[in-house]
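In what follows, structures are represented as structure tokens.
Two complexes come next, and they have one chain in common, chain A, joined by chain B in the first and chain C in the second.
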Partner chain A sequence: MTIHAVWVINKAGGLVFSRTYSDTLPTQTLNATLILAGTLHGIHAITSRLNPITGKGGLESFEGENWGGKIWMSLTGIKLVVLHSIAHQGLDELMKKIYEIYSDAVMKNPFQTLEMPINSSLFESRLLGLIQSVN
Partner chain B sequence: MAQSATYYNPPPPQSSSSRFSLPSTTSPSPSSTSSPPPRREVSRTSLPPSGLQNVFTPIPGQGRNVGILDRPLNKTRGGEVSNSAWAFLFAEIISYSQSRVDSVTDLERRLASLGYEAGQRILSLLLLRNTLTTSSKDPKREHRLIPILQFIHTQVYKYVFGKPADGLERSVEGEDEYMLTCNSPPLTQHISIPRDMGQLSCEAFTAGLVEGVLDGLDVPARVTAHTVPTDQYPQRSVILIKLDQKVMDREEILAK
Partner chain C sequence: MTIYSLYIYDRHCDCVYYQDWHRTSPIRPPPFTNFRPGVHRIPSPPSITTKESIFNTKRLSALEDVERVGNRELKGLPFDEESKLVYGVILSLRNMVKKLSGRDEAFTSYRTAQYKLHLYETLTGYRFVLLSDPNVDSLRFVLKQIYTGPFLDYVVRNPLVIMDSREEGIDNDLFRSAVDRHMRNLSMFS
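Here is the complex of A and B:
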């Protein structure tokens, strides 16, 4: 049960926040991570068009050997992505908690510009506290 | 005349006379069409003599829509504001102010001036409520320095933030300097200052508030806010009160 990384992707598919919380994840340059996040945004958009039931709501999780990813999109179009080990319990609650921290520390911060990279020490420290309690 | 009459509900027979007297009391026919239409609610209760008065008569009060200004002043229950609402409002205030200032000092001054206004009002309100709750024959207002500071430390902070300040101490540097500490200030708990604005403390609003209260009690002082983080409390803030020489002189006389 490890959280490898947390990403925040904005409405346009740009990566506004990414942090790695384990050393097992292969190191990548920031540019490579940006491209990956953009691609994931695209896949999410494609899968949401394929959804036969409601016509909205795309990719929610993906799995590989011993690892997986969970995607959660807020009503405003912000996507939270968590890369984690398998099997991981309580991911839904974790996503909710991350979103709570996001809405507190990012959205209520007057020095944060919407859709721009998140530069808040409060967000980082609270997120770190949350992830450490899980890892 | 016909136009102004169309705003009414079908009138009950006895009110028809007042309906036709309406244009004659105000002015001749053409202006009666341009005058503001009487409200529907009014015709439901009773018809006042002139159309103009209709506009100024308050809508018959329904108990559930009592506005904030109509609420009794000594009623405290249910008057709390949610922290999120405050956080969003304060964030907007800061970004609004930020676009109109050149420096961090100016921004703090703007926030402090807003707090000052709030402080003056809070002082009046608290004193009034204290008078109402205790015996109204013996209203009391502190005039010595230490009780005034304790009044701010407990009563004002408790009213504004829901809890007293975490500390009140005299500075080691000067007799005229006092410090109010708050370990995790609720007003600015979601704000993280970017690195390039290092010295800014949004608690300047609280500093202004304290200054407003002190000024209202005739204790002029220069009040500033500083963030003094500790490991346990990364957002700990200190409100530094530097009292005017006049206050120190007065205290000396009163102490005799």
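Here is the complex of A and C:
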């Protein structure tokens, strides 16, 4: 499994963190990534309305021919997005670990303002360590 | 493991065919102004069958009553809006996958906790969309089978079906029963 990128989207649909970890996907400008993150937020809301059976829940993953994306939403409404290669195992555990790092390094940081872009070297280095152990 | 519904869109982005199987969420027929024949067979809302005398002063209020009752009983999105939402979602996800890949990569499926959507695009611009249980593997082969089997036999080779008409869908009895048979023969259909 290769992790191509990790995004964090706040509950209003704004991108607060994005890093790429492989060069399989071409690099995007920050503006393009912001737009894509906003689109994903909207799609998440629409997909839960298209439910053919009763129950709730929006988009959880999507797939192209060679890579896919996984979206995990916390109870507080932030979304973690991981873009990964198609052969994937243990992605759920990985998302949990990313959330753990997020809550440790970002939410417990007294200088972090909620809903604002994440500029934390601790978060970045711990995330890099995690992704490198997977890739 | 089950199949919920099938949508077929043409190259003009119009829904030309709809069929559902184990769907439990309600759907409303589209309003008369947006009705396109030959797309779906959702029963139309109860209408006033007995024509009342124009001298009846209670006529108007009776009409309102029927409308109110009808609206209360029919829940869910109207079909036309729902089909547009489905198309919108696959279009935006397709563009997103394309943009992120930087090349012409096809978007194949997405999954939520309740259902999985599969997309198969033909070279002629038809888009086959299937909603199924979230735990199944890719069902694009089923959509391809429907395209190469019933669709070619009963739609493309059917002189009575007007392709690309923009006025009506492609629904006909033979196609509908062939698709139904095909789906019911699948192992994941139960």
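Just so it is clear, the second predicted complex is superposed on the first by the 131 of 135 C-alpha atoms of A that agree within 3 Å, B and C clash if a C-alpha of one lies under 4 Å from a C-alpha of the other, contacts with A are read in each partner's own complex, and residues count from 1 in each chain.
One rule holds for everything that comes next: a residue touches a chain if its C-beta (ideal position, glycine included) is under 8 Å from a C-beta of that chain, and two chains touch if they have at least 3 such contacts.
Fair warning: this is a prediction, and the values are worked out from it, not measured in the lab.
Overlaying the two complexes via chain A leaves chain B and chain C side by side, clear of any clash. In the superposed model, A:Phe62 lies in contact with chain C only, and not with chain B. Using the contact criterion defined above for the overlaid structures, shared-chain residue A:Phe123 touches chain B, although it does not reach chain C.
The larger set of touched chain A residues comes from C, when the choice is between chain B and chain C. When the two structures are aligned on the shared chain, A:Asp104 is found in touch with chain B, with no touch to chain C.
By the touch criterion stated above, A:Thr39 is placed in contact with chain C alone, chain B being left untouched. Minimum C-alpha separation, chain B to chain C, in the superposed model: 31 Å.
Across the interface of their complex, chain B is touched by residues 104-105, 107-111, 119-123, 125 of chain A. Within the complex formed with chain A, the residues of chain C that make contact are 4-5, 20, 22-25, 77, 82, 85-86, 88-89, 92-93, 96-97, 99-102, 105-115, 117, 131, 134. Within the complex, the chain A residues that touch chain C are 25-26, 28, 32, 36, 39-40, 42-43, 46-67, 83. The residues of chain B lying in touch with chain A in their complex are 84, 87-88, 90-95, 98, 190-194, 197, 202, 234.
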